[in-house]
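Below are two complexes that have chain A in common, paired first with chain B and then with chain C.
Up next is the complex of A and B:
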């Protein structure tokens, strides 16, 4: 399977971790020749001061520093210093089995998306044909990860509003999905269950809980949509509009960009997947996109006709000189792209594009003119992972 | 009815699992204690002639079938138990360089299934209010200073807990941010499951297995 014609679709360098633009319907934003993360806030004007929050601060899941420029209440600009916990991950020169262990730990919460994208790039490079049942299992894994990640974001939005009952009920559902993941893949974060050529996957009636999770989520979702207090925090908060916005943030701004449908790496088109888009581009639209995608992902998994068991036997592969491959996968926060070159069974070159640096940039842009109480809703609505944006892969 | 959240919460009744053993999450095999014998190619040298070292293991399944998981998630070690924290125990979380999984797992202990708050475990927003510091992730240069200052800010005697393989041995991605001896309690796993985390915290507070 070839996801991309590398020769025809590779674009120019775009700075750190953004070597390639993928053309076609899946949009990776063109960006100036600098990192998309806005690390430095704008310079102070008379009467303004810089408020620094982090790197170790309550309310933030990961180590990150936010630098707000403000005259007191209105935020005129915000810089996000995401490199405090930068890990250097040396993949080049590693064997493929060692490399996949590192890739899945790049962002543990989205490990399935990373390891599936990387595995598919390697499979293309070394010429492994993957059976359809493995592709279906991978699609189920991606959707389970999406459901959990979106539940996590919606729970955080409710928590930001001190909305304890829905927040805890959503955490309850998130833990239920994590246990489902554990029962199907053997690990709560898919570690060790996805690798080039195969997966460990078990579906012996274990996914039947999904329909009750969907039903319960729908009831919470309906309740949140009828809460004026909750909605007033989200509507008009962090408006982001533009033509080349990736991931759920783009779909919330009316852009059709879902790599599941446009890349062709996995046969999502056969599942009747419906792309969710909203027009407003604010935190409310991002909340709606994620919530609707939870229900849509449950429907996709239920229609997948999944195999009962895949035992995870490694396929024997042969290496015939240098070869290259690429793949793109729609992670819960946006598209993940890997390009690899393999030589003598070792990773010779790796390039990548992750959504979190872009989401940080969108957050910075959409915070201008907002007040401090808007901050947490806006931040959570992007589903940013610092582990992903700060990692440096060589 | 849905918009009356308080009533709706009551209607759902108690979701917290009473028995600590129920936390064991049937079917969770990785991470758990592994047993077996024979030579295997371990990417982090967790299996050697000296046996299996849980603090190094990333539970990657490469040792199958020579070694198999037992499902026993009591994979932690604590230097001693201190009953002074039996009633309440406040922790401050330090992310030195994680993949995000340890962060979400320690937050999972506050999900309704586990509800660590009822056991008297709370997360604080400042190390000044903390009884212990939980260190997660590998060594990263820029986090060394914040980590050192956070440990200094905890009222003495400051207890340091190492959570996850990266914090204990560096795992596959790097080196550990603190020496192994600095940790009062060492919680293995990549990432440790909520059950393992709760059991380890309960034992260091000298509380009984049934949570009392």
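Up next is the complex of A and C:
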């Protein structure tokens, strides 16, 4: 395969699908995976009770129920019920253009990451080698999505602390990035702009706004870092340590696991991308990783030497590949992996690994011993998307 | 001993004997004997006689409660309970310390039998007996020193040697559930193992015997610098016990243990007042502190009796997990008891808390090292009282008031509980009589007319603070009546809490109620996950005492089985050494 060798453990752990354990350079055929999401809370001990939060509750963007088991004050365990957005998305048997429409809508906020990972897997399966300018455009799209997603997470962290001004300013920046995405791709969430073999991407100096966004974010970031109130809610909150931690949560725990650098799917290595890591593994470290990555992503886009415009319709698709392919990209919340098998122009089999189920399990683990008021900061720091965790693709 | 007292003692002994025949007959004789005892000994001009009055009122209430409650526990309970009361009556009516010691043992042995017969934990009766005997030994030592220094052990006493005060106080303290600077759990464990009527007697009047004994000795002790170290020991022991037992009470889940710890907390507060009375050079504060002891004792005795009645009528050992039936008057009675034990007006408990804090803060006003000790002690006791209020609120909220959803027909036991609760309010209204003319008066310009207010004052006569039970009661009565008439909600609707539509209907638990303290003071309470409870706490003092007890037992077993077993020679050596040691100690004292 282009991105992966089969067998062995080369590179950091990046996830698990139903068929494979995924590392930076290899995928290992393994056991079928149970979802890592801890849906049921631990059984109650004497005097404990369950505090149910959700599925529709203040502060939560999506429908999800959190079941806290507590003896009062302290949280001993939490189960996360994400069934309220459960969907079965039938992709097998569909044509590639039909499939991409469903994949990109699986989690609209990270549509670029899903579409690019899926498209690259399909491209390998059907034997397309895309030109470098398309790869650059895809990298720019991924980084734009990362900037917006990280801004959203940091805004939510500020909102959890009732910091209305920085929260609204960050939301405003997020909206500016969204409009930038709309101007460059034709859609606020990249819908329809990414597909196997190509992209729709129009640069024409529109990305020059990123510089001012970066400066404004830097000023808000500095303000948040100087607030003891804000930092005291994050430091020591939701400490997560271990070896097999993916995404920003892993990098916040000192693990070098950025799929952009450890996988060969996209040439991020040539951009001088600097991997951001912190050691403490708490919500503060996750906040720092995301904030630093916003600035780093802006720098990467500015250094990309992007083409002025790519008309995706001119790219040709051929059907003589090895019929199966796999690809991985580093989405804002962690690695997204797709494995596909294509027969006669139809998707025959699909396998995948998404970061949100892992992040939910990390959240559950790191809530033990914390108090209820810690929960929203901890939850937001993982950038969890229930739409992603509860979707089943068949 | 006058003839009425003698008849009352005979009746109490007769109550014990008749217990083998009938619980009801025994209870009726107990009531009659107690009425006569209180009537025979009470003399308003003699402050010590108030103890007899308090005790007899508690015994009368217990007698009425036992008529119904005691039916469940067979014939041993009324016999032993009446014998315990008989022992206490001996203490209160005795003219010398020898009779006090006799009464002490007569009180303790049947109590041991009750705890042993109805024990929930195997260590309960042994812990009770071990500490009872430790108490007796200390009292005997005090008595020997007293006799050596004055040549008499008869009341009224004359105290010249601080060691007398030290050992007598130590013996009485142990009976009150307090050992200096450590928290032992024998009292909560033992009282928690007994039926509710016996627990009420133990918690209210057995501890009262300790208070009574110290009261008599402190009253006979003049102010002198040589007594101040003993006063300091008593005061700090009381403050230490009050704070820690308040913490253990707040975090306890077993209902009777919670009540037992709150008993020790109250005893700690009383002990602190004794300590202040010994230490202070101001005669007015000293007298005020001694009256405070009496008021606090009255509030504690009645309040704790009500609490055990309330707890005894609820089902289950622990607070969480019990679904409680209650009736309307039981609910009202429990609420008043909770108000009093929480130190709130309009009950005698509120006056006791006010009076105690006034004593300390008046002393603090003088400054000096005693002032510093007083302000620190007063603050710690205020903190402890707050914690105990939380504990009492927890037990009654989760058993009798809010969590008890089903109404039952008013029971006989609830009527007794309501009577007890009413006495808490009545005692508050009549409390000015106990303070006497020196501490009562009025400030007509504030519409507080004499003699219905109580004033705390210095020797100079300047007033430090005042409280008017009558005025407070009127305000509360009028505001409550106005609310009841105009604003009270018409009809009560109970709804199940909405829990996001899920099947889970967990309520907030009593355990959760206390978990803030378990977590915040985790290092002091040694909070950990025990497997059974996610936040279990441990008492290092008690754990250490149990360990010492175990090692002592092992050591004695080794000596008795390994060395002395079947060896008359070693046994004789042991007897001679023990005899010589006793002679030496007694000669030294």
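In this section, the second predicted complex is superposed on the first by the 362 of 394 C-alpha atoms of A that agree within 3 Å, B and C clash if a C-alpha of one lies under 4 Å from a C-alpha of the other, contacts with A are read in each partner's own complex, and residues count from 1 in each chain.
The definition used in the following text is that contacts are C-beta pairs under 8 Å (C-beta built on N, C-alpha and C of every residue); 3 or more make two chains touch, one makes a residue touch a chain.
Here the structure is a predicted model, which is why all the values come from computation and not from measurement.
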First, second, both or neither for A:339, with chain B first and chain C second: neither
Partner chain in contact with A:47 - chain B first, chain C second, else both or neither: second
Contacts of A:55 with chain B and chain C, given as first, second, both or neither: both
Contacts of A:387 with chain B and chain C, given as first, second, both or neither: first
Which superposed partner A:118 touches (first chain B, second chain C, both, neither): neither
First, second, both or neither for A:362, with chain B first and chain C second: neither
Partner chain(s) touched by A:220 [first = chain B, second = chain C, both, neither]: first
First, second, both or neither for A:102, with chain B first and chain C second: first
Contact residues common to both interfaces of chain A (with chain B and with chain C): 55-57
Chain A-touching residues of chain B, taken from the complex the two chains share: 2-3, 5-6, 8-9, 12, 15, 25-31, 43, 58-62, 92, 94-105, 107-108, 110-114, 124-127, 137-138, 140, 142-143, 146, 150, 171-174, 190-191, 193-194
Footprint of chain A on chain C - complex, ascending: 253, 320-321, 499-500, 502, 504, 506-516, 518-519, 531-535
Complex contacts: residues of chain A adjacent to chain B: 55-59, 61-63, 83-89, 97-98, 101-102, 105-109, 111, 152, 163, 165-166, 168-169, 171-172, 174-176, 178-179, 182-183, 186-189, 191-193, 200, 219-220, 222-223, 226-227, 312, 385-388
Residues on chain A engaged by chain C in the complex (per definition of touch): 45-57, 65, 67, 70-74, 76, 371
